[in-house]
Structure formats: C-alpha cells, structure tokens
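Heads up: the structure comes next, in structure tokens.
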Amino acid sequence: MLLEQLRKDVLEANLELVKRGLVLYTFGNASGVDREQGLVVIKPSGVDYDDLRPEHMVVTDLHGKIVEGNLNPSSDLDTHTLLYREFPTIGAVVHTHSEFATSFAQAGLPIPAFGTTHADYFYGPVPVTAPLTDEAIGGRYVHETGLAIVERFRNPEVIDPLAVPACLVNGHAPFVWGRTAHDAAHNAVVLEAVARMAYRTIGLRANADCVSQALLDRHYFRKHGANATYGQK
Amino acid sequence: MLLEQLRKDVLEANLELVKRGLVLYTFGNASGVDREQGLVVIKPSGVDYDDLRPEHMVVTDLHGKIVEGNLNPSSDLDTHTLLYREFPTIGAVVHTHSEFATSFAQAGLPIPAFGTTHADYFYGPVPVTAPLTDEAIGGRYVHETGLAIVERFRNPEVIDPLAVPACLVNGHAPFVWGRTAHDAAHNAVVLEAVARMAYRTIGLRANADCVSQALLDRHYFRKHGANATYGQK
Amino acid sequence: MLLEQLRKDVLEANLELVKRGLVLYTFGNASGVDREQGLVVIKPSGVDYDDLRPEHMVVTDLHGKIVEGNLNPSSDLDTHTLLYREFPTIGAVVHTHSEFATSFAQAGLPIPAFGTTHADYFYGPVPVTAPLTDEAIGGRYVHETGLAIVERFRNPEVIDPLAVPACLVNGHAPFVWGRTAHDAAHNAVVLEAVARMAYRTIGLRANADCVSQALLDRHYFRKHGANATYGQK
Amino acid sequence: MLLEQLRKDVLEANLELVKRGLVLYTFGNASGVDREQGLVVIKPSGVDYDDLRPEHMVVTDLHGKIVEGNLNPSSDLDTHTLLYREFPTIGAVVHTHSEFATSFAQAGLPIPAFGTTHADYFYGPVPVTAPLTDEAIGGRYVHETGLAIVERFRNPEVIDPLAVPACLVNGHAPFVWGRTAHDAAHNAVVLEAVARMAYRTIGLRANADCVSQALLDRHYFRKHGANATYGQK
C-alpha cells in the first residue's frame, strides 16, 4: 500500500475537522501530497467518518488520475490537485463548510484582519474569490473553483499561499491549506474561530478597524519565519 | 406487530433529531409511511425520548385512524397524513422546532439559497407558508397546517416536494420530508445548518445574493438524479 | 429531616438547570413550597452544584425564617417567598442568569410571543419589570425585586401567574415558576429556548409580528387546561 | 522544585480555561505570583494542554528572568510581570482569546455594565486600552501591552484593579486577574459570559442603559468587601 504514513495523517486531519465541529455528516474533505512521488492522498466521497480507515483513502497523481484505491475520491479532487500544482510550497488541503467562514463566503466578503488571533495565522485578510461565471460552473466546475482561488493569490500582487493559508470560494465555502495535513486542519479550525470573532466584531461595530500593519507584522512573525519566538525550539 | 422495520426506522429518525440538538424535551416528531399497505408509523405524543421503544410507535391509516397502538399519536398527525396523501413520492416526515429554521418561520421569511450547502439539498429557497387565518386555526388546525404547506408547492408553479424537501410554517416551525425516515431526519439536520448560515449571511450583508441558477443546478444535480456523481455507487 | 421528597425535587430542579446549560458556577437557584406546612425548601447560597445533597437544602417559613438547615439560604430567598405568598397556585420558583433571557432583561424588553413554541408554554409575552428605584435597591432589595414582578401580574389586568410562568427582572435576569419544581425548571429551560428564537427572529426582522390571538389560544390550550390534548392521559 | 502548590494552582487555572471553552489549542495562558518570594509561575509557550504537568511551569522573578524551568515561558510573560509589579494586590493573571470578550476588544469597545451578572463581578465597565502605537508595537511590545492596561486603571481616576479585575487590549483580547489563580480563571469565565450577554443586549437595543449606580453597588458589595453576604461564611 502506497504512502502509509500520509494516509494516516490525512485521515487524522479529516477526523480533527469532525472533532472540532467543522463538518456535518460527510461534508468536508482533506488531502495531502507527497512531493517526491508526485502523489495525492484524499478522502473518498460520501463515506461516513466513523467508518473511515487509512486504506479507504484514494491515491491519485497530481492531475487526479487514480493510482490506488477502489472508492471514488472526494468530488472536490480537482480543486485540491490544482492547488498542489499551483502552490508548490503547500503539503495539504482541507475543505469544510464550517458555519462562520461559509457565511462570509456566502456574503461574498473577505474576513478582515481584526485582531491578533487572525494575525497569528493569516498575514492579511482572508480573500474571497470572484463569483464563478455560468460558463465556468457549466464547464470544468471543480477545476474552475481552484482557478478562482489561485487568481486571488496572483492579483493585485503575489501573496505567499503559506502566509495566508486559506481562501473563501464565493457562494460556497473555505479552502484551507498548510505544510502538513495536521497544519491544514489546524488552520481550518483557527479560520473558523477567527471568522466567528470577525462576525461578532462587525456586529458590534460595522466599520471596525483592522489591526495596524505593525501589529500584523509583530504577531505574524512571532509565530512564523526565521525569527519566530512562540513555542518551544 | 405491524411494520417492525419501519417502527425502528422512525424511532431512529426521532433519536437522530435529539442527538443533533434539534429537539428539546418531547418537542418534534417523525413518521414514515408504508405505501403498499397505506399505513403510517408515528411517534406517540409527549413521551420522553429516553423511554421510546419501537413498540410505542403508533400505526394509523392515511387519514389518521389508529390501526395499532395504545398511546396517543403525535398531535401533529393530521399534518403528516395530509402530506403523505398530497406528496406521493415522499416516504417520511419530520417536524422540529429547531432554533434557526424556527426563527425564519417566526419572522415569516423563506430561507434563501445563499450557497452550495443549501444547493446540495434544496433546489431553491425553502418556502414559508402564508399565516393561517383565524378560521383555519379555530377549525381543523393541524389539517389546515398541512394545506398551507401544500399550497406552497402548487403556486406559482409546481415544485417537486423531493427537490425542496422542507417548508416553514409561518409563526410555527419547519416540516421536512424525504424518501425514507433516515433521509427526512438528515434533511432536517441540514436544514438547520443551512438556516444558521443564512442567518449569519444576512447578518453580514442584508441583501446578499443567492447562488446563480447555474450553481444551484451544478450542486443539486451533483447529489441528486440520474447523473449524480457524489458518494460511492 | 423535614420534607424529604421536596428536598430531592428541589435539588433535581437545580441540577436540571446545570445540565441544560442555564447556570454557570453557583449562579441560579431553585426552591419549592409545601403549602400544607407553609414551608419553603431552597438551595443554599454559593455551594458548588457538584457537592449539593438533599440535606444541604435550607427550609424556611413563608417569610424566610430558617426552620431547618445550617447553611445560608440563597441570597434571593426573599423574592422566592414573596412570590409564594402572592401567587398561591405556584409550587416552585427558579432563578437563572441564562444567556438570552437575561439579555432581554438587560435590554429592558419583554419576550414577544413570536411563535407556537412560545404559545405552548406562555400565554402572551413574558413581561419585564420596571427598573427598581434607587430607594428600592437601597432598601429591602430582594423583597422589592419580588414586588416588581408581582406588579407586572396586576397591571393593566390580572394575569394568572401559571399562564405566563415567568418574568424578567429589569437589568437582572428571569424568575420562572410552575406547579412543581420539575415544572419550574422545565419552564426555565423552555424560556431560554424561546428567548434564543425571539432574539434570532428580531435579528431577521426587527418588527416581526406576534402570533395571532387565535394561534396563541390554539397552542396554549392544546397543552393546558381541561381540554388539553397533548401527551398521554 | 520551587513553589509546588502554586504550580498546581496555575496548571489548574489553565485547565479550567480549556474546560470552559475559553481557549483553543495552545492559546491563552495563566500565571500566579508568590509575593513573599517575589516569584512568578507561568505556563510554558505552545505546549499542548493535554501534556501539561506542574513541573512544566516556568518560574521567573518579577522582571521575567527565569529562575527555574527548561521550557520557554509564555510569550506574554512581560505583560504578566508588569501587572504584578503595578497591581500589588493581585495574585494571578489570565490571558485568553475567548470569543466574545475578544470581539469587544477587536471592536475597540469596553463591555458596559448592563446587568447584575456584570455587577456581581466587575464594579463598572470593563475598559479597553488605547490602540498601541507603531513605536510601542515595534519596541518592547509585550511590556507595552501591560503599560496600556495599567494606563486604563490610572485615568481618569484611580480604579482598584481587584474591583474591575479585567481589561480588554485593543485589537487583541482580554487580560483578567484575581487574588488567586482560581479566582483569575473564574473571573475570565464570567467575563466571557458577561461579554456574550452584553453582545446580545446591544443586538436587541443598541443603546441599552447600564445598571444604575445603586444596583451596581448593591450587587457588587453583596459579593465583595467586609459586608458581603453571598455564599457561606
């Protein structure tokens, strides 16, 4: 069986989403990539989380061709593989319909960087894609969803996908990523917490200020990069 | 004892509503229909969920006449039986006072199709009935509740009740249905999740757009109909 | 030991409030009355719920004089005893700072009868008291709190305290009652659920309509009075 | 090992924050001070709560110099030690990013004293600091965070830090304190409950009144000071 450890990591990331209340029934999916072998491990489509085992994970190449596995892969596979091809530094992708992040996506609004909880994980607002055109929806829809995400990380300037490891798909829900399956799931959980607090902040004061660039820098680089000081060495 | 499996399925649907936090105390009820025998199995009225056993379920005909059972059936029985008579494709009905769906019902507002979570399950807005007249309330109230639901699936055009398997009763709460008791309960749980997100979406942007017809089609038919691709075969 | 069964019932009502998430730490209190003996059983003040035993309950007369018990009674005792003296049909009183009911109390607003969940338990809006005057607060404050509640059931017309078994104390929190300790706790749990839905209803539509008198009658009298049909005989 | 009991108390306070849902992953931290020895015990940075043991706690002096421990102390250490130096009556400090209190901090708004739940614990509004300047953020940031808190307890008049044992840091989150680690955690839990209710109160009535000075006095001094009557002696 290919990629035994990655299968376990991807399964564990899927289960973390359930444990933290981010997914209902079979909603949501997580995947991981092995960059050396050019292979992706992803959750099968529509299988109960209670029944999921590492051997149920589906292995595909970077264009979604199934290499190992008897089950259908997640129906969002083409978004995952596109993100792996376009964002070479990421190692895992998570998709959920978590309540508050999805509500921002449905409202077509980015999640502003209102505070240091946000700044600890996301170096700026979490963007929302443009609405997909009818042609994109009627065509290679899942692939087009990935293109809409990638577009947000190209304009108006290049953003490192690991510095803002999430994007809201307009009218749909968040995609989140990270270096590892563990990190991607962790980022998805924090995104939902940040979205909850942004919702409350807007509820209290519709035009609340974002954190200053100085505070964004201070918190983000306290946890990330060569000079990070948070946690244990 | 009649309809042993259906009794178990109906009980399980009732318990799923409790497990998912949709019902408080003895609120809510679920039923199922056996189309061949023309019999309905429904929860008894006001019995603690902890004490419910398959043999407590009440069996009636399609006009609510009790065929088997010593307990009083749910006080909403006449709504259930009317829906079975009017919607020949449905196999089960669920009624809850779940918090957010009920809040839309109390506000007299439909739940708009704001996103793909909604589109995966409901092919358009979840409608709300007209308020019942005093005559309807003072007359065959529970039956009239069913008529108000059915009315929403007749005008302005015919809607397939399985394509939008729920309706909000104005000033009251949702009724939800499906092919099986399992599906009806599942739809009720998703309805509440969709209502929560619609509430948040409106909170963020009072006039948020609904999904496009193209996106509604794409998501709905990914999970439903002959060309569905979601899940395992 | 006096009133063994009532001690158990009162303790159980207190624990139900904890189980349903209505009280935090030692907030909240429940009491019951024995009308024949003219004795009140009430939770002691500031004791952890985990440690509460029937024998810790404090027994007083209807004016709050301690008859049995070594612990201080709840600091809200004088409100409880006043309600027992003024409302001769009630058998138990519960006080919580449950989140949504308290938020209405803090906003100085009654909870409107927006739907049938409300109508099933409360025959009209749940009233809010006038703010207490500085003199009342500086005087027999806990007694004055009771007087402010009683005032709401006198004007503009007599309301049966069992038909609307709750009142919000302005700037404070709800007091709830019932025929038995079980009923009072049950009513407090439903009041919080009703308050949550009323809050959401207002959030969706600031001027939502209340249920009609016909619907209020239909639902209230389905569960209450000589012609009630809900539940088992 | 220094300060065995205080290590246990500080660990227990940290775990209480997890148990009550105030912290996610490794967010948040608690510390305690031994005034006689002039030593502070604080949670290590970024260690899973499941793995925390009393011996992992870090001991520092009142200026943050590590006296015992192999792990890095919480990155917020300099705020804790400043508060101990400036507020001589406090014995413990807690920092969380709890959802509703943080939302007020992100909105740059104090938490008004809307009701008696608030008045029982906080003798007036819970203040919010001024936003930190870019210089402060770029300099001794964590120390400056403490200075911004202390500033709020100096102007316009002296406030006893134990009478309002919390402060919101603008764009960040709450710091909370108390006489003991147990009290500080307890106050943090109540602060979050109070923030939730204040958020709802504002949602119901944007300009809701605060409690009167008389009611604030009555409730605060019922639980605090020489004439407190709440609880058991």
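Think of it as A, B, C and D in the order they're written, each chain with its own count starting at 1.
Everything that follows uses one rule, which is that contacts are C-beta pairs under 8 Å (C-beta built on N, C-alpha and C of every residue); 3 or more make two chains touch, one makes a residue touch a chain.
According to UniProt, the chain labels map to these proteins: A, B, C, D = L-ribulose-5-phosphate 4-epimerase.
For clarity, every value in this text was computed on a predicted model and none was experimentally measured.
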>> Do subunit C and subunit D, two copies of one chain sequence, contact each other through the same residue numbers, with over half in common, or through different ones?
In response: different
>> Need the most distant chain from subunit B, centre defined as the mean of C-alpha atoms.
In response: D
> What is the distance, in whole Å, between the centres of subunit B and subunit C, each centre taken as the mean of its C-alpha atoms?
Replying inline: 33
> Roughly how many whole angstrom separate the Cα centroids of subunit B and subunit D?
Replying inline: 47
> Listing for subunit D: what residues touch at least two other chains?
Replying inline: 203
> For each chain, which other chains does it touch, given as pairs?
Replying inline: A-B, A-D, B-C, C-D
> Which part of subunit A faces subunit D closely enough to touch in the complex?
Replying inline: 114-117, 186, 189-190, 193, 196-198, 200-201, 203-205, 208-209, 211-212, 214-215, 217-218, 222, 229-233
> In their shared complex, at which residues does subunit D touch subunit A?
Replying inline: 24-27, 44-47, 71-72, 75, 97, 99-100, 102-109, 131-132, 134, 137-138, 141, 171-173, 199, 202-203
